[in-house]
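Quick heads-up: structures coming right below.
Two complexes follow with chain A in common, the first pairing it with chain B and the second with chain C.
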Partner chain A sequence: MTEQLWQVHFKVHRQRTGGKPYVRTFTLDVDPEEYILDAVERIWALHDRTLTYRHACHHSTCGACGMRVNGREKLTCITTISSVTQNGGTVRIDPLRNFPVVSDLVVDMGNFFLRMDRSGFNSVAPLAAACLPYEQPLTAENSIDHEPERLVDCIECGLCISVCPAANTDKEYVGPAVLASLHLMYVQNPTQEFIDQADHHTGLWRCHSAYECTEVCPSGVDPAWRIMDMRKKVMSDRIKSIFRPRSSEKKNAQPA
Partner chain B sequence: MPNQPEANNWPRWFDPRSRSLGTFGFILNRVTALGLTLYLLMHLIALGQLARGADAYDGFIALVKNPLFKLGELLVIAAGVIHGLNGIRIALNSFGIGVRCQKGTFIALMLIALFIIAFFTFKMFSEG
Partner chain C sequence: MKTTQPSAIVIGAGFTGCALAYDLAQRGFAVTVVERGELASGTSGRTHGLLHSGARYCVTDAEAAIECIQENMILRRIAKQCIEYNGGYFVALDDADLGYAPAFFQGAQNCGIPVEEIDVQRALAAEPALNPKILAAYQVPDAAFDPLRLAMAFAASARQHGAKFNTFHDVVGFLRDGIGNICGVSAVNRHAGQPVDFRADITINATGAWAGKVAEMAGISVPVRPTPGVMVAYEKRVTQRVINRLCEPDDGDILLPQRRMAVIGTTSFEVEEADYIPVYPDQVKQMHQRAALLVPELENIKMRGAYMSARPLIGGLMSGRSLSRTFKCYDHQTDEEVNGLVTVTGGKATTCRVMAEKTADLVCQKLGWQRACETAQHPLADYHLYYS
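Let's turn to the complex of A and B:
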């Protein structure tokens, strides 16, 4: 806690299902080192009990508290007020984009969770596969709890979908998190099935390389790198297939 | 504009607020692509004019010597250089090359683009 409180104006997006959005301003005295989620909770508790928002863990694990803070996708439970404004300043709070608004700051992530599920997403992975392939893998010996597996990085917060310009205009695009999940599954089990799921125009090839997903991901998943790594695999397979003899040619080449 | 994905949300592509460097690359590529497509269209229309005889040809040449046309030509060169260099970065990334240093590559390539554009500006406008 710092000693001096700041006065901050929170401009909060309000909207009922299917209704017109509007903005309501709440002025609070806050500790600058408090988190944005603390302020949202205070608004709900002391100023407006009809405000709806999502949260659970308060420590960047459940992925429920994603919102846009001053236009940028953030996990609000780990975003300090001082990192986004100053004393006397204004903070704009909006729901994530590229999801339908259910109410106020709550968006419908059902479709996204279904897609994650279909990708085979498993939140636990062996240590070597749980990290990014370019990172130094942990081993059971040098990990803190000496366990052979750990939770994977993606917390399914949806920030990467919200920030993605391709997801903004194509509702069929599966989005960065789902592609990252397919890559993660492929790293653990390199079968064509995962590549085939990603290799289509609403998958790997819809990405237009804005790299925003990697910028906002609060968990170091690096979806953009994973997308490009899968593209590399698909491209190299295609190039190899040009030089590979076709199955009929192969048959003819076999000794009688 | 609706919060959920819609095809007609496309104006948001060009909104650089609260965005990082990657989006600037994305916006530049789209703007230059649109510019080059428009140029191609105008170029074909202009070529069509040439088929209308020698007078039309001379009139056209006099028109393109206008400094405003020169500025247009410079914009076409700038769009081609930016789109081409940025495209190389994206193509390499799609082969898994340089993904982790894509920001640095973008800045370096755009500096090269700036240098090339400055060179053409000097060449085109110093010759009068």
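Let's turn to the complex of A and C:
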């Protein structure tokens, strides 16, 4: 602890499974450079053992601790208290939007993780295999000066889905992280399987181009650009396919 | 010999609990996991993330080093999806480090750890951010892993063999049968605030640094000391390999590249209570100084996060049986005449699979169930499938 402690009021979303939501306030003396997740953990440890929240790595590698802090999506393990409030201030803590709330700050990531799985995504990959064909792989030499955007940095925290206005109006929308993953898979290996997951009204074409996903990503991934780029590629492949005989026609053309 | 399907409760869903759930489920047990928080929300999630080659221990504790290199090779095969194959260097910064080098090189070779001395100029070419004053460098097969996803991969594999996971369920007591044997646990479903009982032939306490507290609910003493250490993450991946200081295990002697970050660790001190351990600024400062010794530019790179992780160190004179020096497995029937409860604690993330194997061997032997461990042979299920 440094000498200067702040008094901060944490207004925390509470909700039992199936119960009505309410807000409970906890007032803590905090080091302003502590992280929001540390404060949440302290509320659980020292003030209210019934509080539920998700967390694991505490340094932004796992993606478990996404919450809304004063209405904005944050990875709470790397969000300092001083970055969201001041001495005597109030911090509102809510669960992510656009995911079912299981209880308090815990949301159900199941559907999202299964979609990520279907899209072929793996969050931990050898660096050389993590880039698009035209992206420069990250090496010791270029990492010092260049920090290319890479999808593999996605930690599946769900912030992009929580912040997305399209996801907020359409519960079926697959969302930015999944589409970004499909973009990578499609560019590396353009199979029908990946088009089928993306090329429909709750996929690529639902995005409003709000770019909130790119803005919020704590890992510097650019899902919005990936969605736009995949739209171009899917359109261009559709047009090209008009000039190619369809496989069914070929079959029919065979003499019986 | 038992012929009907045996059942087991595993308390704790850290690395040990998830690996044990998988091992037992794969051997045919009906497994129920009871965990008070999210997967890996205790020590496991907050690990440094180093898949040890064992070289860190090859001089001070050969047994631990051998266990690490064996498990390192197995996890590389079965948990590929969770690992960044970075490799690692041990670097000497002063004469004392150089003096340690012969014992280190010999020790690593004796333990079966592939170790190679690298010419200093070559090491600096491969890792330009390293302190240019290094005097020697050795290459070992260290790697970095993603902690939550490693636990999830074991849990996904367990679920594919029928294991049931009850996260956010707090164990509040043990259930006993008419003659005092433990036959399950009472828990509270924290999502709903409802009490719930789970029953099984055997209960395994796999709660790591909390093993003493959980055993206490059964009136049993397990000598575990929560021993936290601090880790500091930086905004930049300054090296591509794990950088270890070539010296006896010490504070801040390991700098790990993970995703776009560098993570330095760690310290060591004992606490009574592991539920909340503040991050002490003086320890963060100490890590910062240590990190800058290995990679000078870290002096000016922004910190991204700092966190404490409580290792489960085993203290006191051992009454329990020792299956390995690095972790312990207690059959409370032999020691305290409490039947139906086994405790496993200690160990390291790198050795979680073998901890599970040895514990499951003991459980099988107790219940007269003869099925061999196969967890080293098959790749783990995709981590996403924990949610399937």
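Some points to look at:
In the analysis below, the second predicted complex is superposed on the first by the 201 of 256 C-alpha atoms of A that agree within 3 Å, B and C clash if a C-alpha of one lies under 4 Å from a C-alpha of the other, contacts with A are read in each partner's own complex, and residues count from 1 in each chain.
Heads up, the rule we're going with is that contacts are C-beta pairs under 8 Å (C-beta built on N, C-alpha and C of every residue); 3 or more make two chains touch, one makes a residue touch a chain.
None of these values were measured; they are calculated from a predicted model.
When both complexes are superposed on chain A, chain B and chain C sit side by side without a clash. For chain A, the partner with contacts to more residues, out of chain B and chain C, is C. In the superposition on chain A, contact of A:D170 is made with chain B only, not with chain C. Once chain A of one complex is fitted onto chain A of the other, the partner contacts of A:C57 are limited to chain C, with no touch recorded for chain B.
Look at A:G89: by the touch rule set out above, it reaches neither chain B nor chain C. Rounded to the nearest 10, the angle made at the CA centre of chain A by the CA centres of chain B and chain C in the overlaid structures is 170 degrees.
In the superposed pair of complexes, A:P32 makes contact with neither chain B nor chain C. Aligning both complexes on chain A leaves chain B and chain C separated at their closest CA atoms by 16 Å. In the superposition on chain A, the residues of chain A contacted by chain B and by chain C do not overlap at all.
Considering their complex, residues 37-41, 44-46, 49, 81-85, 126-129, 145-149, 151, 168, 170, 190-193, 231, 233, 237, 239-240, 258-261, 263, 275-276, 278-281, 304-307, 382, 384-388 of chain C touch chain A. Contacts from chain A toward chain B in the complex involve residues 68, 70-72, 95, 97-101, 107, 134, 165, 167-171, 173, 208-212, 215, 224-225, 228-229, 231-232, 235.
Residues of chain A that touch chain C in their complex: 1-2, 16-18, 31, 34-35, 38, 41-42, 45-46, 49-50, 52, 54-64, 77-78, 102-103, 106, 109-111, 113-114, 116-117, 121-124, 126-127, 138-141, 143-144, 147, 153, 155, 219-220. Chain B contributes residues 3-10, 12-13, 17-23, 25-26, 29, 90, 93-96, 99-100, 102-103 to its touches with chain A in the complex.
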